[in-house]
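Next up is a structure, given as structure tokens.
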Amino acid sequence: MGQALTRSTPFAIGVVLAVLVLVWYAAAIPMNAPWQQGVYGRAGAVDVPFTQFVGDVWNQDKPILPTPHQVVREIWNTTALVPPHMPRSLLFHAWITLSATLAGFGIGTVLGIGLAVLIVHNRATNRSLMPWIIASQTIPILALAPLIVVIGFNIFTGQLGLPPDPARFLSKAIISAYLSFFPVAVGMVKGLRAPEQIQLDLLATYSASPAQTFWRLRWPSALPYLFASMKVGVAASLVGAVVGELPTGAVAGLGARLLAGSYYGQTIQIWSALFVASILAALLVLAVTLTERLVNRRLGARPA
Amino acid sequence: MGAPGGLAPLAIFSALAALSLLRFAHPLPLLADGALAIFGLAVILFTLGPAMPAPFWAGLVAVWLATWLLVDRLSLEIALRRLPEQPFALIIPLLFGVVLLVGWEAITRGAGVPSVILPAPSAIWARILTSTGTLWADLQQTFKAVLAGYAIGCGLGFVLAIAIDRSGFLKRGLLPLGSFVSALPIIGIAPIMVMWFGFDWPSKAAVVAVMTFFPMLVNSVAGLGAAGAMERDLLSSYAADYWQTLMKLRLPAAGPFIFNALKINSTLALIGAIVAEFFGSPVVGMGFRISSEVGRMNVDMVWAEIAMAALAGSAFYGVIALIERAVTFWHPSVRGA
Amino acid sequence: QDALTLQLKWVTQGQFAGYYVAKDLGYYEEENLDVTILPGGPDIAPEQVIAGGGADVITTWMAAGLAARERGVPLVNIAQPFKQTALQLVCGPDSGITSTEDFPGKTLGVWFFGNEYPFYAWMAKLGLSTEGGEEGVEVIRQAFSADPLLQGQADCISTMRYNEFKQILDAGIPEEDLVIFDYVAEGVGMLEDGLYVLEDRLEDPAFVDQMTRFVRASMRGWAYAAENPEEAAEIILNNDQTGAMTLDAQIYQVEEAAALTQGSNGALDEADYRQTVDTLLSAVSPDNPAITAEPEGAWTSIVTDGL
Amino acid sequence: MKSPAEAPGSSAAPVIAAQGLGLTFGTGDGDVVALSNVDLTVKKGEFVSFIGPSGCGKTTLLRVIADLERPTAGTISVNGQTPEGARRNRAYGYVFQAPALYPWRTIEKNVALPLEIMGYPRAERAGRIARALALVNLTGFEKKHPWQLSGGMQQRASIARALAFDADILLMDEPFGALDEIVRDHLNAELLRLWASTGKTICFVTHSIPEAVYLSTTIVVMSPRPGRVTDIIRSTLPAERPLDIRESPEFLEIAARVRDGLRAGHSYEEAL
Amino acid sequence: MKSPAEAPGSSAAPVIAAQGLGLTFGTGDGDVVALSNVDLTVKKGEFVSFIGPSGCGKTTLLRVIADLERPTAGTISVNGQTPEGARRNRAYGYVFQAPALYPWRTIEKNVALPLEIMGYPRAERAGRIARALALVNLTGFEKKHPWQLSGGMQQRASIARALAFDADILLMDEPFGALDEIVRDHLNAELLRLWASTGKTICFVTHSIPEAVYLSTTIVVMSPRPGRVTDIIRSTLPAERPLDIRESPEFLEIAARVRDGLRAGHSYEEAL
């Protein structure tokens, strides 16, 4: 019985979480202390009892490091207690960011796989494109983001006649795709080249077409690489969508929320937006992991 | 100006390009193809002026096609070992880059794109030449953060992967939380890191460390599981202990995955360091320069920085890729290529 | 109705109350205008947006507007709702700074992205190097908030009176503990939020007419906001999609911003313009060339003449 | 029934014709000459066994025939075409020395692989798969994955895969190496029957001298590094070959000759 | 020199003792009984061969002895310990059915692997590696990588790897399957010499009846699914075994008995 409990995943996560929370509370004391001392100093308070001091340090309005219960309370207040369609609700923002993330991740994954396929199958693409794909990732996206907003947004609203919201959504999705296609492309190039020579030779003896070789050998061999890359890619997508919310006018979404929080020094708000974003990321990675398990089971992979 | 007379070379190029269709009936030497492509590129640059007429754009497309053909033929020759790998492996992407730049120059100048939106490569180049001192100082500042953060982030991800691998408890408890850290959005943590580590490069290094940590963790964990069953059994028959199995089998087998992460991270680190500088910095650094110069409408300087970033980043990536080739030479993806 | 797009320099907040009030209360509609307001952000340069055709009219600071004009974006000031300025340098109680004499060796937080021109003009006037060291000042790029001062990372920081300044007060530091440098008082004041359009558009009388109606409605909005700050703040909150704002802060901001429009009917006062240009020209340096030559045709009164 | 013994004498055009064939592998530390100056002619319907010391180039030769390796010297034609042309025409089936089963496919699906690729109609596939698996005695393991099979069973699955489709030429690289004597005898007999009834041309690598003699119309003896052909032995055994022919003097005589060739090859470089 | 024939009779404690051993693999579609009710005793210094149809559980049995697989029924002890204890004490060397060489190591380094792990002094390693490679006739290929070797050469490299270090027990799973007759004879003789001079206990899986008879003091015949031991044959051959002992009547008699056992096993379930 006890064995089963200590070996269960929720228990393990719980213990690790508990340790983290303890460290967190402990860290909050030295980080927020100087400010608290300033307050006491100005108020002329001397000899504040330690318990009160700790209580104050853990409950500042604009702490340097908010404490877990402050963040949890803020998340609770802005999710459960507010209707989800209101801008005050974090769910509202989470959904806006998530939708752009999913769109961007979809585009990025397809693009990444497509590029990898081109690179693996076409000599000229392999030699000429790969270095530029790498170079593209060294361009700081935030520097490019305003450009995407200014030009892209104009094209979407002007030439294509989209209203601002879908145009903004698309701009974000593009940025998100831009960040996520790369890990997928790099991983897939590696994965598509992973089959052993003898496995390729076998298909060569059947004079299999490139498409047949792809679907029957390269694709299944690349799956482990694809899933590892997709986990990185989906996280990158979320970062991209959040980043894309900065220059697009900080209108709505978790990124906008983070930013808005920071304008007004609302650290608790920043941290709760941060947490929701991370929870979102963890869920997305989990979704990829579950898909991986499912696919592995379907393929009858050898249990490790 | 786009005067009709100016288009004469374009006409010559078009005629030559059309003639070169003969190659399908009668193979032309590679040199002829190369000369044609380069001639076309020169013609485009030569005739370029504001408000170009339609034939010019058709010419641009033709030049692009001609160069693509050249690149394709060159790649084939290399594959057949009729051309040496060494200079040409570099020449091909450069050629691609030249076409990209010529197209960019042609579009920005030929279609009159305002330079505050997108400056022409020639303007960017001029800017690079006049600002080498600033660019160099910015590069140094930013790379301090890139290298430190990359080392810390990759190191942490790797060590944690080992810890996770070592202990089933951590695997269950920590791995799910690892993905939690992965998406701590950079714009959220950057201000916090500035708050914690100050305005100078250490706060940027911290951001880079957080960003690069997860790809390394995920790939290392995947890689550590990549060794085959019989290969493991072999070591188990020697009663090899955990660390021996790790060093002799599982790390080498994980090599391709780890390098995957190292490569992805080399670009992530640069983006991270630059973006982190947007959130408070001293008045030097690539990120600082980019964002402040956008505000000053000096977009050519912005692109000069971006060009530097791309160059430095590609070099960084290239070094990692070279090490990868040397270390994981045995992997089919390297052996076969 | 004539469709117009206004690109703001910053996010939706009390700083732009006049425009949001005019839109929500139908003043634009009464002038037969259909106005879309695009919020800005830390990386949106309105000058770039209008150059790319993404807006018909923008709000920006005059120094940035003139700088953009010199770099090939032919911006023209058509109206200047903000007559006063709100930019300040605020030094903390522990900085030991009481006057500009104390600056050498200190760390100062500055906003960049086109907001740094007044600061550099000031330092040039004081003859201080901005490269750091004993004799000069250490400049850091300050982010969005008042944090660097509150956390002691900078001796002085930039604030807008209507925003960051209040955050410092809210954080519990009393005003009398702070040393406040006002850019106008230091003789380097520069005009803030004005309305700018592209020069060639003004050749079209219909556009000029639209702009006249736009400025008229906007000024009505400002006047209403000055009278009813609570209501204006509500309107701002309704237009804010982030849901992160507090009513108190916005009421304060609307009040402060509306105060900046006091005495303005929208028309630019040529004397104010001269002061900005002269200050900029007095501080030309290779590091910070906002403008290097006297601007020509950078403002016009044809829009406000029709009010 | 066609007589295997007659095949070499028949006037059919050669299925495989190699002149002066050579192949050198460039490796990090020096070149390895795997094949050198190999001349070989295989006529239609022949059953040719290749025998030679480990590492002498048998696999390499088969791979050259199959267009999986490019020779660095000499010429070779398969079915009157280049090896590449023959491969594109799906002229042969290949049993590799290692099973090379795809781990993500079940045994059944592994055998189905060539059928899918060559576009055999779906209706036909099931029957072919079942017959091929029955032939190698793997009925009942259709749904297993490769790692759930023993070494010999994996090898049999890979044989079934090559027999499931119709190819004129069969290239088999030590197909029965991991099988016990009884199964091996059974499969030898099956292979002979198949060969006789279909008129396939078979190239067969083996280390077993009795197997080579029992099966072949021609035995090619190779010597190691650089791999060369040292002897070509035409079998004088009759077409009908019951298992006990292996005790006949004729059989033993041929076997002795093969063994001598093999031994000579060994002494050439690798003194044991 | 110790007499192999005497070994079974000696009163030494059993090195391997199994009672009622069973192993069932659970697979997606039903269980596979690989071993069922196996009783086995191997004394110190014995040379035991396992022979049986493909898929009968020989590899599985070896893996159970080596603690690479847990039995689902019965008990087994190795060197008087649990298999795990024996493994931890590095009681045995194992030659797998497939070569299992590490692609990132050269041949030399692959052979060095167990020496590194078991902490042999650096000075001693080079000599051991050279001797082991010479024994399997791979001198000159030290610096090659596995994929640059032929199938048989890879198998020999994996044998060298298992012989490079000193283990009391040798578990060999069809080590000579991919080798030609000459090399095989040579290695058989070498193995016998090694065994005689070191007194190792050897468990040896093979498909070759002559090989089993030639090498062993005891031959264990197994029958397929569920794998059981059907016959245990004690060899009556003398300790000294020249190669031509294989033509002696005694030898042929034992071989016949093994063949019969094998055939019986086959008829049990897999009617051919």
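Residue numbering begins at 1 within each chain, and the chains themselves are lettered A, B, C, D and E in the order written.
Simple rule for what comes next: a residue touches a chain if its C-beta (ideal position, glycine included) is under 8 Å from a C-beta of that chain, and two chains touch if they have at least 3 such contacts.
Worth saying up front: this structure is predicted, and the values here are computed from it rather than measured.
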item: Neighbouring chains shared between chain B and chain E, ordered by label; value: none
item: Of A-D and A-C, pair with higher C-beta contact tally; value: A-C
item: Whole-Å separation of chain centres (CA-atom averages), chain B against chain D; value: 48
item: Distance from the mean Cα position of chain E to that of chain C, given in whole angstrom; value: 86
item: Centre distance in Å when chain C and chain D are each reduced to the mean of their C-alpha atoms; value: 84
item: Centre-to-centre distance between chain C and chain B (centres being mean Cα positions), rounded to whole Å; value: 38
item: Multi-partner residues of chain E (at least 2 other chains); value: 28, 98, 147
item: Multi-partner residues of chain C (each touching 2 or more other chains); value: 42-43, 45, 48, 52, 143-145, 147, 151
item: Residues within chain A bordering two or more other chains; value: 64, 142, 146, 150-151, 196-197, 246, 259, 262, 300, 302
item: Chain pairs that touch, as defined at the top of this document; value: A-B, A-C, A-D, B-C, B-E, D-E
item: Of chain E, residues touching chain B in the complex; value: 63, 66-68, 87-90, 92-94, 96, 98, 100, 102-104, 113-114, 116-118, 145, 147
item: Residues of chain E that touch chain D when the two form their complex; value: 25, 27-29, 32, 51-56, 58-60, 97-98, 137, 143-144, 148-153, 156, 173-174, 177-184, 186, 207-209, 259, 262-263, 266, 270, 272
item: Touching residues on chain B, where the partner in the complex is chain A; value: 68, 71-72, 74-76, 78-79, 89, 92-93, 95-97, 100, 117-118, 168-174, 176-177, 179-189, 191-192, 195-196, 211, 214-215, 218-219, 222, 225-226, 229, 256-257, 260-261, 263-264, 267-268, 270-271, 274-275, 278, 286-287, 290-291, 294, 302, 305-306, 309-310, 312-314, 317, 331-333, 335-337
item: Of chain A, residues touching chain C in the complex; value: 34-35, 38-39, 42, 62, 64, 78, 86-89, 92-93, 142, 145-146, 149-151, 153-154, 157-158, 164, 246-252, 256-257, 259-266, 269
item: Chain A residues within the chain B interface of the complex; value: 6-9, 11-17, 20, 31, 64, 123-124, 126-132, 134-144, 146-147, 150-151, 182-183, 186-187, 189-190, 193-197, 224-225, 227-229, 231-232, 235-236, 238-239, 242-243, 246, 254-255, 258-259, 262, 270, 273-274, 277-282, 284-286, 302, 304
